[in-house]
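To start, I am sharing the structure in question, which I have written as structure tokens.
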Amino acid sequence: MLEELRKQVLEANLELVRTGLVLYTFGNASGISRNEGLVAIKPSGVPYEKLTPAHMVVTDLSGKVVEGNLRPSSDMATHLELYKHFPNIGGVAHTHSDFATAWAQAERPIPCFGTTHADYFHGAVPVTERLKASEIAGDYEQETGTAICRTFAKLDPDAIPAVLVAGHAPFCWGASPAEAAHNAVILEYVAKMALHTLSINAESRPLARELHDKHFLRKHGRDAYYGQVKTK
Amino acid sequence: MLEELRKQVLEANLELVRTGLVLYTFGNASGISRNEGLVAIKPSGVPYEKLTPAHMVVTDLSGKVVEGNLRPSSDMATHLELYKHFPNIGGVAHTHSDFATAWAQAERPIPCFGTTHADYFHGAVPVTERLKASEIAGDYEQETGTAICRTFAKLDPDAIPAVLVAGHAPFCWGASPAEAAHNAVILEYVAKMALHTLSINAESRPLARELHDKHFLRKHGRDAYYGQVKTK
Amino acid sequence: MLEELRKQVLEANLELVRTGLVLYTFGNASGISRNEGLVAIKPSGVPYEKLTPAHMVVTDLSGKVVEGNLRPSSDMATHLELYKHFPNIGGVAHTHSDFATAWAQAERPIPCFGTTHADYFHGAVPVTERLKASEIAGDYEQETGTAICRTFAKLDPDAIPAVLVAGHAPFCWGASPAEAAHNAVILEYVAKMALHTLSINAESRPLARELHDKHFLRKHGRDAYYGQVKTK
Amino acid sequence: MLEELRKQVLEANLELVRTGLVLYTFGNASGISRNEGLVAIKPSGVPYEKLTPAHMVVTDLSGKVVEGNLRPSSDMATHLELYKHFPNIGGVAHTHSDFATAWAQAERPIPCFGTTHADYFHGAVPVTERLKASEIAGDYEQETGTAICRTFAKLDPDAIPAVLVAGHAPFCWGASPAEAAHNAVILEYVAKMALHTLSINAESRPLARELHDKHFLRKHGRDAYYGQVKTK
């Protein structure tokens, strides 16, 4: 069941390890089959080197496990909330990668200081508000997803495929599990450069809107001309 | 004698090397057999690549070598002090890992800025007071252990399994040598992110107590639901 | 056609990967045959591990592809502008390497704080002005090249073989593709050390002109005495 | 001639590469045979992967090459000056390692913030004064050595086996080429942690003199008790 999706989800999880974004088991990636309304996600707390596609847990959008003997990632409810509210996304990746997490802990959005950022994120990467005590005491992981969606009330999740959860870490997404993982890698790189940019010049200015648009649209949308084929 | 413990202690020492926490011979891990009141610890100043389980030195809780021809780690007396005062711990790991050591040198506790920290340390990671000249002139390594225990007079060492020794470096512990080494790796990661968090926003606020509790208890204690099995 | 040049260009691109300057496909190197007025450049958005010399795209100085089925790097027009205005250069390398990009994003020239810098760059590494909205809306990549050339109106591109494009990233050049890539590696190293220098002492002073001259001329020019043979 | 010394010198140079202190050919280590008054040193600008013991250049203390076809390192005259004035040293290592070089560029001595530093350097690591224009114009490399010796007029080079040359980079030494290289590795580590210490707390205090003495003497001198054998 969902064999291809499980492979893609495993591969996305392994990409997070290969690129150094994941320490021990701090991270998880998932993918959705929109046709079947089913999600495949990494199991909780299993060492990456032991994972095979068969270990991926398949759940429905309510979180009920429909295939697999292992518990799904403890962050599953956050992933599901994103799939329910962001209709175009096909994959979600969550890490505690060093620099992106530092921005989340500092509760500061990552300004768009350069074209590397603009190539992927069409605006600052936003940070959620802190959860209320009642939300933490309730269905915490789902509330985390709800807080993300509230942050995107006036933002386009397809144009800014990442968020910083205050005091926690980033969540990224994309058209596929691979793209979600790719965006997590880029986010970490952008977060690192943004910190260094501020260290050099605390008054650094964000990119002009025209250049931000230019770079984002060079890679995305109808008139993209980066790479060998349209990326979307 | 204590063959299994020696293996575990060697493995914990090697984990510190594999994860990049140890430069040359700057680090040591040990384990205790509570039944026999014996401790196995890395020998002093022997290159890691030459170590076998048989090189681990076995001592009693007074520091008397009961097996092994090599001198134990020069920090042994600190380890013993921890085993004597923290009755639930089964392993101790000491490194001079870069970022945790920097916090120890800066004589600042590491605030809990995020859930990565909260998953492992139920509160700020404390820093000891400086040793007095008389303590340095006395049994220095044992006094270091005494200073750590004083720091935990009102703290629970099972809930905060790490300390920063002022002007020196971190000591970590856990239920086993492996867990002690694991906590040393996490501490370094948390220390690194905390420094970056302050670089981004010098006014960064610690996590709300509710979220700190939520994450710590998600992984620890009776109602833990992280991973495939209870971690304790 | 231009078989040797294609090999050199591929090798320069791979050096950027080997030295960790390039994340995914963020970078490109090219070389020129001055006799034939032809440029070989990396294709756009093709993973490095798949590249062979035959994938290098050959264009004339107007940007017309004269050999190859792939699209050239989207930054090609910037490279061409440099070849047209800097008559002695044989190669160009562009990366989004972390620290050099941070200086570009901070819109600050990299001061010459030490002899490592002076060995390669005979003065501060300059930063361009921001492009105007009309330049971004026009032939953006060519305008980027024009902005670089404006920055060098009173500077010698042979003595300072690098520039920071404001809000974008560095471009480097040299007598050959290999030297351009080499300069990109050095620039990143120099950019990293300059940031750390300012972190230690915000009032750090640039090198005295005499020492700057001494080191640059020790490696370059008629009386060079570094290495086994004259480097130029 | 001096076969064993050449091997040791090559090995010390390779240790600098293995530990990541050397970019391309930015570094050199040498060793002296006090009996014969001869020094073996790395040749200038030869890639490390090609070096064999036979490539090491042998000179007398005046810098005259007595064996070898290659030019010695351009920094040779600095090494010779150190051998002439520091009678107990057997090896010298010079790198442009990132963090130590940043301190040299910032023209700040590295304070002793912790026991890692105290284990190796019995006091702050000093920084030279800037060279005068006349010294730069004269025998520059020898004058660099003279400036180092002036810096040690009231310091003991055997107790502080490293210096930061202002606007240049560190030089380290030791009883043998291996120890010189080892000290260069430690210095880089100490320099990195000292920068992070100041980033966490700009008012960080140096170690108390008693603890500084305790750690240095624990590893060095008559009553050393670190490791399996006396280190000196």
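Order as written gives the chain letters A, B, C and D; numbering starts at 1 within each chain.
Heads up, the rule we're going with is that a residue touches a chain if its C-beta (ideal position, glycine included) is under 8 Å from a C-beta of that chain, and two chains touch if they have at least 3 such contacts.
No experiment lies behind these values; they were computed from the predicted model shown.
Participant: Quick one: which chains contact chain A and chain B both?
Facilitator: none
Participant: By mean C-alpha position, what chain is farthest away from chain A?
Facilitator: Here the answer is chain D, farthest from chain A.
Participant: Answer with same or different: of all residue numbers used at the interface between chain C and chain D, are over half used by both copies?
Facilitator: different
Participant: At what distance in angstrom does the C-alpha mean of chain C lie from that of chain B?
Facilitator: A distance of 46 Å separates the two centres.
Participant: Could you give the separation in Å between the centres of chain B and chain D, each centre being the mean of its C-alpha atoms?
Facilitator: 33
Participant: Could you say which residues in chain A touch two or more other chains, in rising order?
Facilitator: Chain A, residues with two or more chain partners: 198-199.
Participant: Strictly by the criterion at the top, what is the full list of touching chain pairs?
Facilitator: Inter-chain contacts occur between A-B, A-C, B-D, C-D.
Participant: Please output the residues of chain C touching chain A within their complex, sorted ascending.
Facilitator: Within the complex, chain C contacts chain A at residues 23-26, 43-46, 70-71, 74, 96, 98-99, 101-108, 130-131, 133, 136-137, 140, 167-169, 195, 198-199.
Participant: So in the complex, which bits of chain D are touching chain B?
Facilitator: Per the touch definition, chain D meets chain B at residues 113-116, 182, 185-186, 189, 192-194, 196-201, 204-205, 207-208, 210-211, 214, 218, 225-228.
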